[in-house]
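Shared between the two complexes below is subunit A, which pairs with subunit B and subunit C, respectively.
And then the complex of A and B:
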């Protein structure tokens, strides 16, 4: 441990200043990066995916990191969002901007509905129930062909690139769109964490029985974050659909591809901290994309194997994420 | 008649589910860990039995024994190397260790065996026996009988051997077991090996009527969790009843619903049971 400073107040102020500088630098880098990478290039595409999955992991982190609701079913919200906005666009020509609002509402409703039977469950049981929820959504996506198109998937209809249609010619536009989504999600996370709700959540996460006996409405606090988390995740699904132009049930409702990946990114970076999902995404997504590019032809499954092995390694050696590791290294000097 | 036929089919499939689920519930009972990777050991069991058939000409029912032994050893190694490190750790570490194991095993199988679907050819594959107007497929009957024998043997092991009793003692109160001089660490290791081996055996015996592939585990995950949760996590007898119930629910729901939706019914049962009686249907107050 580092030496205790004589005046803790001064150290707090210094830490806060360092923290602000850190965030400022991160934002600066995020703003400069797209101009250094070639537009339409693969590397910029990867950068977009980093932002998208950081947002997804942050949405997961809102529920899991703040209240300990470890969900294995966030793909259910993600896929629902992708379907809602794309179906509205295909059948009614409704702009994905409104699709996003629809997804926000629908994702929130789904989360509220799922919360009714599951919120009182703890730890493993909650994880099991949400796992089943994600799978239910996948089965529905695959078998309700009249609406979803079934296993074939859906294509987002091409239009003239325009802001209103949420389709862009330049990858940079997507990049900044995703960056804004990420910043908003981070602000929501910080707002909840720093507020009264965050205090209640911390109490119930650490000592659920004590919190309940002190009059904290634990179910209501968990309900709130579960709904917010589900709603944002559905919006990320919309962004994904607009970015990919094509998706099928097994991709957007995927356990490993979406639900576990969201969790993995947050866990590797550091659960419960706002920077966790950012660090996780910056690290994981490029590694995955690189190994996909290098090995997908010769050895399908290798990148997934690496992904699983990484998850095991982090859980065993650094269960509190890389952020905690950095802090420890930084603290030692 | 159609109803009774479906019921019988359901029980025959359910018997295998019971053995698969016993493994999962045993691991939970002794270690207090939900093994999300359990279904991948079923997949390994299928592949071991398949290769025994392909290269040694062994019937899958014999291959099931090989699968049991090999996966037992593998399970002991996995427990010592990985699972043991998260005993007593926060939920999130336990959950994602086994989720990581799931991903590793599935993709290692994909790398090693390729994504092809593989099935065996055995002489009794299309045979059936008729009994009181019911038609019973021989592969289903065989799988059921082998599962039944395995289940009874496990029951006897848990009931009558010192090791089995020590396992039950550890499940009830591991601190007390430790203080009475039992090597709890060793017992956990054996319990995990035994648990995944039972599931692997269940995977091997269905090979005559089920194709093996690296992703086959996904089809069993929710199914075995439903069975286990129905009976109460950690309850071996409960897992047997849960397994049979899941088999029956599956076949009965195909009578009224299209085949793609048969798992949907299971999922809904699963979520409902978790919500209403998370301690299982059997537990008395």
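And then the complex of A and C:
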């Protein structure tokens, strides 16, 4: 016998209520955590990174999760954002807040340019083309020394901590800044997923030809999310620069550290769902940091090994991400 | 009556294979026309050119005065020609309603697209199944969903590519009945189907394709007597092929 209630509407309403309670609890925890951890402490710093990389993975998820096009080049947008805002700050004294707007535009433009040749590619070919884009950006960052400072990297000039200057004395301020960025990115994701564009993207992810025959302009739909995703990713790059105060091309344009990490967080958590990148980041970033801390003296690089093992385990046993596993354990389909 | 769809000298080549060889035919408004031929005759290739998934090498496709040759698939859909897919191509991780809403979005915004989707779902007899995942539908339900999605685009002409391939004879009769009703409501049909009895019973006119060429055209009775058609089906009569 079915254990479901007879009225299917009632179970939907119950699921929606459980869902709201879940999000409410998550938000509550996110608001309490920084007050439990010592300010300026290492643990709060890790919490900030969790939020930052969750935002990055969510920005990636907007394009890849909904359209199925796995990008391995998001470091290209991320690093571009970091450089654009920091160079504007160094040379013209422009506040990183405006730097974020510049990064948003520049990231979107870059994504639009990249889309012209890549959006007709499918699957692995798209992934490889975007990977090449990220690497090209890294090479440009390293070799165009007059502008980027080359391999030496850039330092964000210290200023009196202020909201306008986007520099804070307290890690908690960064924490809440990143939390707001994450919430906005999640809302953008949900807005797209729940709307007409989201339906079109999910359709073309399932069956591109069928979607096109039903009137979906597949190129345009993919282009739109690629630009939105690239633009937001560049803004995350600005936040990273302001948080780290120093970066070089090999860090912000890193294939492993940014592009692949963004993809892995979303994939391990669960692609195409708003909660996926959050679960992925909460799990992966602390594990990475912990293993770095535990093994850096004895076995440097072990964290990458742990990371790789985790990925293989998820792909083998739970290819749809941990979110699907949690849903099953929770008795929901 | 002037033709709704006018195909002239259509040609498509894949490497050394001529998949569509100088094919010309008309479809009048309100007709149900069958396209038959042995496996590999090039039926689906013609459909894919008509709906914009494949670009023809040469020839013209004119639908009610609009040239479709070289137009992209989504624009052809908005002109009013929609294709359903051979192996069920429903969007598995989306609900029945979401599947059909994608079709509705071809012409209108989300809210109205949902209404049209509801209407199309009810029209094909899937009412009550709106919130079921498409992947969880039975095969006959999936076939109906294909029709519902296409209907939601508000087409003037539907290309059915083996819409009934997986169905039992009883289920096929139901779909044929539905297609007839839709025709009476003003939709013109071009149909590929392997079940010979079904297509002979369904269509007023049959086009027979072999090795990319149109070899016969006429009423079901005419084409099944045509010696060229009989030999194309390797010497078996069409009647026997249908019985097999």
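A few comments on the model shown:
Going forward, the second predicted complex is superposed on the first by the 326 of 333 C-alpha atoms of A that agree within 3 Å, B and C clash if a C-alpha of one lies under 4 Å from a C-alpha of the other, contacts with A are read in each partner's own complex, and residues count from 1 in each chain.
Going forward, a contact is a pair of C-beta atoms (placed from the backbone, for glycine too) under 8 Å apart; a residue touches a chain by one contact, two chains touch by 3 or more.
Quantities reported herein were computed from a predicted structural model and do not represent experimental measurements.
Contact with subunit B, but none with subunit C, is seen for A:263 once the two complexes are overlaid on the shared chain.
Contacts of A:70 after superposition on the shared chain: subunit B is touched, whereas subunit C is not.
Residue by residue along subunit A, subunit B and subunit C are tallied for touches, and B comes out ahead. Once the two complexes are overlaid on the shared chain, A:142 sits against subunit B while remaining clear of subunit C.
No residue of subunit A contacts both subunit B in one complex and subunit C in the other. Interface residues of subunit A facing subunit B in the complex, by the touch rule stated above, are 64, 68, 70, 72, 116-118, 120-121, 123-125, 127-129, 131-133, 135-136, 139-140, 142-143, 255-256, 260, 263-264, 267, 271, 299-302, 304-305, 307-312, 315-316, 319.
Those residues of subunit B that touch subunit A in the complex are listed here as 34, 36, 82, 85-86, 89-97, 99-104, 106-108, 110-111, 115, 214, 218, 221-222, 225, 229, 258, 260-261, 263-264, 267-268, 270-272, 274-276, 278. Within the complex formed with subunit A, the subunit C residues making contact are 51-53, 72-74, 77-78, 82-83, 85, 89-94, 98-99, 101-103, 105-107, 109-110, 113, 131, 149-150, 152-153.
Contact residues of subunit A toward subunit C in the complex are 8, 12, 195-196, 199-200, 202-203, 206-207, 209-218.
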